[in-house]
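Chain lettering (A, B and C) follows the sequence in which the chains are written, and residue indices restart at 1 in each chain.
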Amino acid sequence: MSLLAVDDITVSYGRLTALRGVTLDIAEGEILFVTGPNGAGKSTLLNAIAGVVPSGSGTITLAGGMITGAAPEEIARRGFSLVPEGRNVFGGLTIEENLKVGTGMRTDRKKIADDLDSVYAEFPMLAERRHTPAGMLSGGQQQMLVIGRALMAAPRIMAIDEPSLGLAPKIIDQVYEILMRLRAQRKLTLLIVEQSSTRARMTGGRMVLIRGGRIVLEGAAADMVKDARLKQAYFGFGDH
Amino acid sequence: MSKPHSVIRQTITTPIVLIVVLLAMAALTYAFGSRAFNRTAIEMFINIMVVVGLYAFVGNSGLLSFGHISFMCLGAYMTAWLAIPPVMKSITLKGLPGWLLHTQLPMWVATPISGVFAALFALIVGRIIMRLSGIAASIATFGLLGVVNNVYSNWDTVTGGQGSIVGIPPTMNVWIGWLGAAVAIVIAYLYSISRSGLALRATRDEAVAASASGVDIVRERLIAFVVSAFIIGLAGALYGHFLSIVNPGSFYLRTTFITLSMLVVGGMYSLSGAVSGVVAMSVLIELFRNLEKGVSLGGVTVGLPNGVQEIAIGIITIIILIYLPTGLTRNREFSWRGWPLQRRLAPSVQTALKEIN
Amino acid sequence: MTAVLQILFDALSLGSIYALGALGIAAIFGVMRLVNFAHGDFIAFCVFAMLWPSIDAAAIVFAGRLPFYLLIPLLLFIGAALSMLSEVVVFRRFRNANPATMMIASFALGFVIRHLLLMLYSSRPKSITLWPNLGLPVEFLGAHIPMLQVVTIIITLAVLAVLVLFLKRTRFGLEMRAAADNFTMARMLGVRANGVILLAFAISGMLAAAIGLILATNSGTADIGMGANVMLIAFIATVIGGLGSVPGAVAAGFLIGAASVVFQATLPHDARVFRDAFVYGAVIVVLLARPQGLFAPKSAKQRV
């Protein structure tokens, strides 16, 4: 049974339709890449799942429960943790405070301290500067922080919007390395949005391609990259 | 240049509809209204001028201003200085310069001068304040209101201080009120379809895009500021002639908020909204005023207790805003074809506002 | 020296009131971008809550006769309850409205409260004596400082300390700060929007009650318009302090208080009546120099 199922959702901003009937599902422990050109509706998809933008029609199910139209905090409490584009650290809060914001909804209170230690173990740089305001961190460090922050919420599924945006290639490698390790350790389900398919190919997993608010291609990332249709679908040459 | 003509053709019905409807109201008031009702109607027309003036700035720029009532104050006092008979002025307003002390001008002359005075003042302070944007600009206009009110409340020899200056010839009637409202509507309309008005609305909806395409935001805002100050200065002058006394307390917070409420209730981004907000609130106020006086029901007069009027109006305002957050007109214009430009802009305004929150 | 000391205490006590007011505005603005123009009327409401409703000239002190250890919690409760009620009944319906609409709604709410008070109590200011002993001066380094000024300053510092502890040391405080920084992100981390907002309203209402108590003790009267001036200055203080910055709001409150007192003391005699014009003029100058406010937080973006 799938952990997250998005069924035929449509999202519009005013008269602009950003998503038209998107359907996808993710099984427990799976990794799914959502790729596509700028303005394809990738971020909108994540925001719609997170409850930040309302969907016009369709349903979203998380772990068997309907979350369509639920408030963002309720969706988060059911185990969906979104790391939005642009990272959104709480600049005025210290690193440690940032990490703790998401723990308020946890029921396994006793494990929080352990998790904090393991996040610090994973990101030693955060541990060193735990009482520094998060606004002082560099882009790469902020990316680590928001991943750590999302982990502290003990999610069942973690969604990341463009983790490589604005980061140096070396840092990107680092981020992915950590993500993959976390996935292996915690059986974390990952939903990652990236503009390019390069990472998906390198990491493996499943991939969907969105363009113009629709899913135009779907399959195993490794196969798809070889597929000539990918380029076509991405740039919209020809018609499908 | 055929484009301006097409803009006029598409939009001209709005001011015409508004002015004709108001004319009908004025005529009905003149024909059937009591003396008290006539005064209510005049007050409504003056409020229309003020709120339309506010619209010219707030509606086009998207900046909330708390300072525009100071232009009303300036206009009203300028009219007092110009229109009060010299005999009276020499007693109460000794500090006026000699040439002003010995002048007495009729309303037809004093009013436009007052408007120009307010506009000039706006030009000077606007050059400073319009550099700000967002809430900083709103607060700066608040500061302007505070400064003007403080000066007019305390410069005893020129403004009579906290007390009232009496003796402005009471020459207002409902026709002049209508004329004032019509002039305000025409000016605001002409501004909103002018190159500057269109550019300013573009900055309101898409600030970055507009400035990238070469719109000088500060300059367009300043023009709107001056235009709206002129309209509101006129309104202040007529208000002086209406009450025949002026007093700094009438041009402060209460008036500021009531006129702003009228604008928001009507729909702050449309001229029709400005006018219908005032009309709706005036009708409500009059209705509750009568209910307080008492309604005769089978020989027994039933009246609401005093004070219910304001409470009810406050509550109704909130309810309107809850159900129609973009105002009674939903920021659209009256006309039989709609205002195409406004319609096209409306959704982007909505999303922009949603993103802000 | 004593004159300077006198000015210092005047500035600090006036600044205290403005700072508490600014905090009340900033608490709500931080989490929901609402400038609550009803705040001044909340203050007046709390003061009148001490009186029995009557339109007679002589006030019938009712709750105001309670001993202070009961009166203060009672008033704080009334302030918080009124404020939370207004959130649940009114402001909750404006979550997606634009800031101008919300602002006008808050003004309309204040208008309703004010006229309710007028109906119940009439517009005449009423005398109300709470703690006459506080009017007595205390001698401090040769200057005679009214006891009340000292108490006002101490109360303000105590309130600030408690608030800082609350914000820095508690779970709710953390969630409030996160929500004020980035509301949507906080919600995506499970912070309940309605809970945080309600909490902000409760804090703001308690601050209104505190100001009401101080003003009533200070002036010895209950007047419908007594909160309005504080509200205005507080509003200005939150903006020049840097929107969304709580320390900024407090600092700007003290700054405006100090500016008023210093202008009052140093302006030539004829110009003193124009003190407020100078204060407002100074506000405009500050805005021109620092449109983001004096103490804008690092993360501040142009959000309004």
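Keep in mind that, in the parts below, a residue touches a chain if its C-beta (ideal position, glycine included) is under 8 Å from a C-beta of that chain, and two chains touch if they have at least 3 such contacts.
All values reported here derive from a predicted model rather than from experimental measurement.
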Chain pair with the greatest number of C-beta contact pairs: B-C
Chain ID, smallest distance between chain and overall C-alpha centroids: C
Chain located farthest away, centre of chain B as origin (C-alpha): A
Distance between chain centroids, defined by C-alpha means - chain A, chain C (Å): 42
Separation of mean Cα positions, chain B and chain A [Å, integer]: 50
Distance between chain centroids, defined by C-alpha means - chain B, chain C (Å): 30
Residues of chain A that touch chain C when the two form their complex: 50, 52, 71-73, 76-77, 81-82, 84, 88, 90-93, 97-98, 100-102, 104-105, 133, 135-136, 149, 153
Touching residues on chain C, where the partner in the complex is chain A: 171, 174-175, 177-178, 181-182, 184-193, 297-299
In the complex, chain B residues that touch chain C: 64, 128-129, 131-136, 139-140, 142-144, 146-147, 150-151, 154, 253, 257, 260-261, 264-265, 268, 305-308, 310-311, 313-315, 317-318, 321-322, 325-326, 353-354, 356-357
Of chain C, residues touching chain B in the complex: 33, 37, 90, 93-101, 103-105, 107-109, 111-112, 114-116, 118-119, 228, 232, 235-236, 239-240, 243, 273-277, 279-281, 283-284, 287-288, 291-293, 302-304
